[in-house]
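The next part holds the structures, each set out as structure tokens.
Each of the next two complexes has chain A plus one more chain, namely chain B in the first and chain C in the second.
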Partner chain A sequence: MTPIGFFEIVGFGERGWGPALLLATSVTLAVAVCGFLVGSVLGALAAAAKLSRSRLAATIGDTYTTVLRGIPDLLVIYLFYFGGSLALTNLGRMLGYDGFLGLPVFVTGALAIGVVNGAYQAEVFRGAYLSLSKGELEAARSVGMSRALMFRRIVVPQVMRYAIPGLGNVWQLALKESALISVIGLVELLRQAQIGAGSTRQPFYFFLAAAILYLALTTISTIAFQKAENRAMRGVRRAA
Partner chain B sequence: MDLAFMGRTFLTLIEGVPLLLELAGLSLTIGAAFALLLATMRLSGVAVLDWTAQSYIFVFRGTPLLVQIFLIYYGLGQFRPALQDIGLWWFFREPFYCAVFALTLNTAAYAAEIFRGGLLSVPHGQIEAAKACGMSRLQRFRRITLPIAVRQALPAYGNEIILMVKATSLASVITLMEVTGLAHRLIAQSFRAVEVFVVAGAIYLFINFVVTRVILAVEWRLSPHLRRAPDVEAPMKPAPAHARGA
Partner chain C sequence: MSKTKAFGPGLAGAVVALALAAQPAAAQGWETVRIATEGAYAPWNFSNPDGTLAGFEIDLANTLCERMEVTCEIVVQDWAGIIPSLQSGKYDAIMAGMNITDQRLEVIGFSIPYAGGPHGLAVMADSPLADLPGEGRLSLDSDPDAVAALIAEWTPMLEGKVIGVQGSTTNANFLTEYLGDIVEIREYGTTEQHDLDLSAGRLDGIFAAHSAFNATMQKPEFADMKIVGPGLSGGVLGRGVAVGVRQENEDLRDMFTKAIEEAKADGTIKELSEKWFGLDMTPAG
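Take a look at the complex of A and B:
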């Protein structure tokens, strides 16, 4: 094991895989961001369902968060990959196209991450909503705000503030879960490392490089969320 | 949905449960011991030990588990001659050992922080009181610190157990045929993703349901001080007929 070999292989020289790995890192980031955004929409809806007075909506919300947090992410990815392609192929057949139609792996991956992430985000949003002060909501109602106005002016800004630390954790989950998308063939960071490992027969160097790049992504995220939290909390007096 | 097919699917997938439990059980047990060591290092007050444990935790929590599995199973294959020389190749050749090893290292990093939180939550006054009663360090740890720390860490550790049950599914990527591996093979053969998914998901949900119940039961046992005090007047009343025998 010579360190020169490692840097030569994952570096930016003539035979280096550096550019490919960096490109793959951006794919990882993109699929994680898309998944996280899908998760935000689903999470907000599920949180609203769980908090609603309707028994049916609350049950649906509870089932969603319990099931998706209780089964392995890999299983969800397989469901979306195979199930999605199957549904698409059947749809094609109805429209008169007689061949196999595969769902694009990027879309599949983003949706699978989003559905799982949404279950976690729902809990974060619910917790943040429950920590709103009742007095402020009452005050908003008493000055005659409509529900929509109250939601926009009072609820959303504060829920966003309280939710930041939780969302930071859930974002890290999305980032790490994106590595699983490699099993369905999306060339993100881990898949690119596998490809490099296969063609150079130096798997350790490639997976080590991948681990370092993931670590960089998670570290930058931690710092960014800490900054966001400090900014959002700048008006809040803390207990010393 | 085809119920007969789902029945057959269930019988196939259930065969993966022993492997799943083995993977989770082994890595959680060894991982907890390692985590306790890491947590003690973090709290030791010795800068080098603290720093070492902190870096370990940072690396293993900041990278995906699948990358760790690949690094150990495929990556270490690069050093096969060296591993053969020192007589460790038999270990890293087996996907099962590699999976347990990776899961253990991973859960140790998460559990270490949970244990540390538990140990830090022990009120200082209780330790002082124990000292005042003349308990030795070991006695204090066994009688005061440990029970309180375990009680505090239990809910978070329960979540970690569930995460590990789910994480065993990644072992299927390095050819181990546990529940997710079998499910993947069935889906690829039959192309009935939804049915197989429902059955496999139900198996995981059931296991995790049992885990949460067990954790709740242990939590209840460990917190007699939080339960409602027994009715003071109860002994004076005649016990109801059905309770007398008990």
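Take a look at the complex of A and C:
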């Protein structure tokens, strides 16, 4: 093989890995988005649990956020991947099915990102809720709003407003955690870069290309979150 | 013989299933055999930009499957999870430059080896280690005295040097056992990574298979890398590269063994080995 340059190897020509890298970038984006959404659901539930007056719920919420923020993400991924398929296969055996059962790697990856991300999002939501003004909640109650209505009209819009900067941070965590999903065989951006590096023996080109693509994703999301923040804060006076 | 689509679910597959993907276990009587490879270890097995697989083991798998009269499906699996996924039944066999070792034999079964390449040290040509003594081939099994003498001769030269090696490999086991007290071992995820650190001067030497060195030295920036010392094999370095299967699948193991014997006897393995490595790595015996 004659030596070829950076632009040829990551480009779109016959020997270029451009299409493969772009596809892998979209897989990275998809798994991070799914993980982030799973995390939003779990995070909202955990925040509600932590803020609840029930001691049991608060303990469960605290345990979740403490454990999941306290152990390495990679360990969570391994637990989901190997533990999950082992548990499913054993469950299948009990029900009389003798084959291998496992979740697709994409689902495993999104769930693993989701449970970790949810723990961080719970703290973001909790912090945002605590910065609501008590007076507004009291006012809502005093005009006879039901809890559901108060939640929808008063709590959610303001929590989202305060949560956006924190969520932007947590989203970037999800995006970068997706790189760890490469260990379970999902061909996302990092894994594709490793495959290209090992196959062409040109690691520099591939890791450089992957870094550029990750940076593009994070830069675009930073801008998007900034826009969302500006929009959410419209009508709110800021101290100069 | 179809080369299976190598890359994971991709976007389409990704969006599809929140449902369980149930994959049936190996069909009884072995009509289809799923073989896992790393897809990132040129020239053993690697990927093309379009996602198709190529390399020594891909060609070999195709001829072995033809001889076994089964349909093969080749799947890509990251190295770190390659044995656990075999055991959990994701696929039925591994062909990924994997050496037979005692530790691996405790958990999986192996066919007879289809390649038995020597392993050794490589350094940059301007390194003080460039004239490290030793040459030819040495077996850890049959020449233990010669190996001990070699290590004794190397000790003063290697004292405190930093040697890179791919982690979780027989090469790493060799370094730990024979040179662990003498050199500082630095483990890497892939061979490319230690190659880079060798050329960057962060490592004094690397320990890997000679076949990997040959491939690396074809790159212009590694033209002055040099293999030093003898080619080592046997013992902790493993009894050669073989097909890994689940222990209970003795029938499949025997099918692979028979097919490998045929491919050795009619020169197919030698031919493929010379095509991909530029050297004959047919295992002895």
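We take it that the second predicted complex is superposed on the first by the 236 of 240 C-alpha atoms of A that agree within 3 Å, B and C clash if a C-alpha of one lies under 4 Å from a C-alpha of the other, contacts with A are read in each partner's own complex, and residues count from 1 in each chain.
To be clear about the criterion, contacts are C-beta pairs under 8 Å (C-beta built on N, C-alpha and C of every residue); 3 or more make two chains touch, one makes a residue touch a chain.
It should be emphasised that the depicted structure is a prediction, and the values quoted were computed from it without experimental measurement.
In this superposed model built on chain A, chain B and chain C take up the same space, so to speak, and clash. When the two structures are aligned on the shared chain, A:P203 is found in touch with chain B and with chain C. When the two structures are aligned on the shared chain, A:V31 is found in touch with chain C, with no touch to chain B.
Legend: residue contacts after superposition of the two complexes on their common chain; A:P157 is shown touching neither chain B nor chain C.
Touch criterion met: A:V105 reaches chain C, while chain B stays clear of it. In the overlay built on the shared chain, the residue A:L23 is in contact with chain C alone; chain B does not reach it.
In the superposed model, A:L86 lies in contact with both chain B and chain C.
Of the two partner chains placed by the overlay, only chain C lies in contact with A:R15; chain B stays clear of it. Within the superposed three-chain model, A:L180 lies in touch with chain B and out of touch with chain C [touch as defined at top]. Once the two complexes are laid over each other on the shared chain, residue contacts for A:Q194 go to chain B and to chain C alike. Listed for chain B are the stretches 55-63, 73-81, 127-135 or 163-171, of which 73-81 clashes with chain C, judged after superposition on chain A. Residues 81-82, 86, 182-183, 194, 197, 201, 203-204 of chain A lie in contact with chain B in one complex and with chain C in the other. Listing the residues of chain A that touch chain B in their complex gives 1, 66-67, 70-75, 78-79, 81-83, 86, 175-180, 182-183, 190, 193-194, 197, 201-208, 210-211, 214-215, 218-219. Taken in their complex, chain A has these residues touching chain C: 3, 15-17, 19-20, 23, 26-27, 30-31, 81-82, 85-86, 88-89, 92, 97-107, 182-187, 191-192, 194-201, 203-204. Chain contact summary for the complex, chain B toward chain A: residues 58-59, 61-68, 70-71, 74-79, 82, 162, 166-170, 172-173, 180, 183-184, 187-188, 191, 193-194, 197, 200-201, 204-205, 208-209. For chain C in complex with chain A, the residues that touch the partner chain are 7-11, 13-15, 17-18, 20-25, 38-42, 46-51, 76-78, 80-81, 84-85, 88-90, 190, 192-193, 196, 215-216, 219-220.
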